[in-house]
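Structure in structure tokens, see below.
Each chain carries a letter (A, B and C) given by its place in the written order, and its residues are counted from 1.
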């Protein structure tokens, strides 16, 4: 599997890098993330890879040289759980900019006609475990440009609808014609949600399962079935004579080929519940949401389980235009107050985490969301790590992504100023060595909307 | 079993004389409006209390009830039910509350009261001799069938016994049930009372509320208030035209029904749970110069002085109720009556229900456990209710000249184990048996 | 605020291993009846009960000042502390659903129940299905996590439901808002019986498959195991007597029907729940060995509740059915003590018999009477102190212990209120500047 991926990468690298010149950014501050900051150094990029980086690096003669004086080079940001590029998930949209609306945990209804209500687990309700984001992704999605303007070069994109929504893929945020060029890892694992696909939720008419306990038992049954399916298939493969052929089940195939699961958990109760559930299912799990990660008990559960989490950056907010005499419950106010401290708390506790966009897709909202975590105690370095090397490590691609090191993929962000600051201007980003410059009107990272237009010698994509 | 025998004996005795004239001897009388009188006698004549005293003697041949070791209280009054109008609440065909229409002052609960409802004997077996019965389910906002309703009709004060609803009537128009608009946006004090907490948190994570904004809610509210005001304006205009009696004047049943309200003879009874809603309802009553009774408030807030100074009575809901939000103390509902009492507000209790109407005294007792003085609790289920609903001169206490709505009991009537030995409505002893006692006897005897 | 409370709670728990409660009016619901005396609690268990007890050195001594001490109240039917819906109502057999998966230990109803003297409750799946989900018994250990709430050692159960509720989803009008096209079988009481028989028919076959497999394994063979079916597993456990059946029911006909179905398939009904017409078939219930857990005086809210009588618990008791009073409701749950008192009024039970309806009897119905339900040596120290007679409307719960740990104290609750208010106000004030002023859109 890994060989295949590597092969694919090499192939892709050649494909877009073969006849391109090198780019050298010199005299820039280089924040490598994996090592110490280089106050004044050079990064050389060729064939979509980082050819060299350091204080005294020789610049190839054919390189297009960028004078990085006053600039900072960072590894490209990675969205650890994204729907950018997934069809039909852009409900919040860059245009709305409010950062409220669709979330990865409650995706909007699909346009597909409603299936008849399921009568039990055998009908495989809200299950599309075999789907891979890599096969669905639309490179033309406007959010890809928008995210790039905020410094994101990579995203773990997941199908998010249904109990077994499908398999996520790690993709580079290129805008091109062939989605395949974007893919770094075609299958990251299985996205599990506790919401039925197409919304609608429970009720008597919606079919099985309608209640949370039904959903959990459904997921449990699927894993039991998958285990049994594997046994029977193995037995049949060994000796098919005299044995009835096991029926092909794509839902179980999809589950079996997923090497890890993503489980939703926001409240501490859910974190506790899902940790137990993953242990019972014997599946390596990553927990997403984690808005109550700040609670002492959340920390304890996560630490005891040596868990890895993805923290939503869509921090809960007070409803707008609320009755002035209305008072929210204490607990709600507490969560609103404390949720943004979760990254800092988990960092302190030594729990592995990454941050994710959760429906945010404008540079302004993304920048503000990161800033809020920083304002609530997360250091800039740790914020950067949570959006670069940490997600790379979580998905096992730290050997090619997430930091500025020789031989890694040339995903870089070049700024004037500190990356998560209000007034910082993103000069350009490199994705697989391709240069994208944010559209002028969107130039400040703090600006609204905006697109990145490919430019420069390397920018025009084939 | 013993009780049952006694009852039969009483019933037989009652046949001998006029059935609303009798003499109770040696009973402890708790008049509610005065100090208790131990071991006295009570003379009931023609359905009324004729005399009370230690020295009075029974006229010759009069039926005598031995009250030794027993207590005599006025019958209790439930200030909000739908008795007679609703039989099996889940079965719509058996329910006659919640008519359609926005302004329905002409509807009368009384004429839909089914005297044979199984609820009457069940409820009165616990000492409740009269109730207010409302045209819409009072506590539930009166939106039973008709979407947005402003005026649901006339609530009736009735006795718990009678061959017909006319027999049962005390006051067919004791109150006009008015649903004052409220600002219905998301959120109350500490969240929604009836939303699952986990759901609320889920809502929070989903990015806020699905319900409308405050701006929208306020706009709706203002439109509704304008509409209600317009109806009152029109009713007043009608009142003028009626007085002028100009040619071409046409009778209008809705406006006719509003006249006693406009004249201040009949109060509007308005459900108002929040402090703001109470305030708004009172402001409306002030503007319209009408009498008002507040139903089922969930908080007192700063409304105490206003309620007290304007002499506005309040019908409290069940104390057997959950706190009204997540953050409220666990004994919130139990403590509320005490708060109203301390603020000097005149209170009575309503069960806002039929099935729980018989637990009226226990709701009052629960308030006592959490701060309401005992005497105030007792008054709230007797004399206060009578006064609020305009029958204070006829009932609600044991006083000369009042109806003999009485209960003869073994102890404190607010305590569960207390047994009712006899019950009188207008001096007539009423049957304490009911569907439930009959089924009990029948199946207890099953071999 | 909650955390503040929790810290207080943990501090309470850490204090001492041995507690003596002296000078209490003890309604033991055990052999000793009601008496003035003391109890000694050690490591979560009652180790001594008597008029006079030995006070071990170092023990925390509490003077009850003559107040009433009773065993913790047990609610045989509750739906609190559940996340994400109590009804897996989509199918007529939802036995795969399990309350254990969705315990919500932060449901405020737990604390409120505790404040009403409840120390344990049977948490049930809803009644939308002929065969519903798996149930379990919780102790109201407010502040603990989901696992910490579970009454370890209590036999798990399964919910059945008869009558109006399970047939509602199948009604041609499409009950509960479901469109008629999605009507779900069954729509009648006949169909409810059929669904249960079908399920057990299937479960018997399933059990036979597993038994055959187990036999092969026992012989040292290595066959492929049969597919594990989460719907049939709990029914297999019912057939094996490892899981209790708690059957929601109202009318006499359906109660009798289920007894006969159980007879036919060789399993037992542990309790009939609600069982409003239990008084009509108490004889048959007693013969089957089923308990009856009912309401005190609820009636007439639906057609099948029209023959409900408040004498039900008393009649069932008199006819030899182990009876209890349950709440089915987060509100009623807080005052089961006075619900019990109603059995004195309606049907003339004694004080002890009445209190048993919410203590030792539900313990028997849940198969935990060796652990809880009375104040006796060796039992869990689940204890409630009331200021007055618990069978009086004027009584208030003062203190509650579970496993010897104090989980509720009225004085502490009341005195903590101002600081809780303050903390909340502080948060609300902090949020204010962040709130944009309400603009009137033009």
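The criterion applied here is as follows: a contact is a pair of C-beta atoms (placed from the backbone, for glycine too) under 8 Å apart; a residue touches a chain by one contact, two chains touch by 3 or more.
Please read all numbers here as calculations on a predicted model, not as lab measurements.
> What is the identifier of the chain with the smallest separation between its Cα mean and the overall Cα mean?
Going by the distance between chain centres and the overall C-alpha centre, it is C.
> Quick one: which chain's Cα centre is the longest way from chain C's?
A
> Counting contact pairs per chain pair, which pair wins?
If you count contacting C-beta pairs, the leading pair is A-C.
> Express in whole angstrom the distance between the two chain centres, defined as the mean CA positions of chain A and chain B.
Here chain A and chain B have centroids separated by 61 Å.
> With chain centres taken as the means of their Cα atoms, state the distance from chain B to chain C in Å.
So the centroids are 34 Å from each other.
> Could you please state the distance in Å, as a whole number, between where the Cα atoms of chain A are centred and where those of chain C are centred?
43
> Please set out, as single numbers or ranges, the residues of chain A touching at least two other chains.
267, 318, 320-322, 324, 327-328, 330-331, 336
> Going by the touch rule set out above, which residues of chain B reach two or more other chains?
Where chain B meets two or more other chains at a single residue, that happens at 197-198, 214-215, 326-327.
> For chain C, jot down the residues that touch at least 2 other chains.
Touching at least two other chains: 1, 83-84, 104, 106, 420, 424, 438.
> Okay, in this complex, where on chain B does chain C touch?
1, 87-91, 118-119, 122, 197-198, 214-215, 320-323, 326-327, 329-331, 354-355, 358-359, 362, 365-366, 368-370, 414-419, 435-437, 439-440, 443-444, 446
> In the complex, go through chain B and note every residue touching chain A.
Counting only chain B, the residues touching chain A are 183, 185-191, 197-198, 200-201, 204-209, 213-215, 217, 274-276, 325-327.
> Chain C touches which residues of chain A in the complex?
117-121, 194, 202-218, 220-221, 224-225, 228, 231-232, 235, 267, 269, 272-273, 276-277, 296-297, 318, 320-322, 324, 327-328, 330-331, 333-334, 336-337
> Which part of chain A faces chain B closely enough to touch in the complex?
99-101, 103, 105-106, 266-267, 289, 291, 314, 316-332, 335-336, 359
> Of all residues in chain C, which touch chain B in the complex?
Residues in contact with chain B: 1, 83-84, 104, 106-108, 111-112, 115, 279-280, 282-283, 297-303, 305-311, 315, 318, 330-332, 334-335, 338, 341-342, 344-348, 391-396, 413-414, 417, 420, 424, 438-441.
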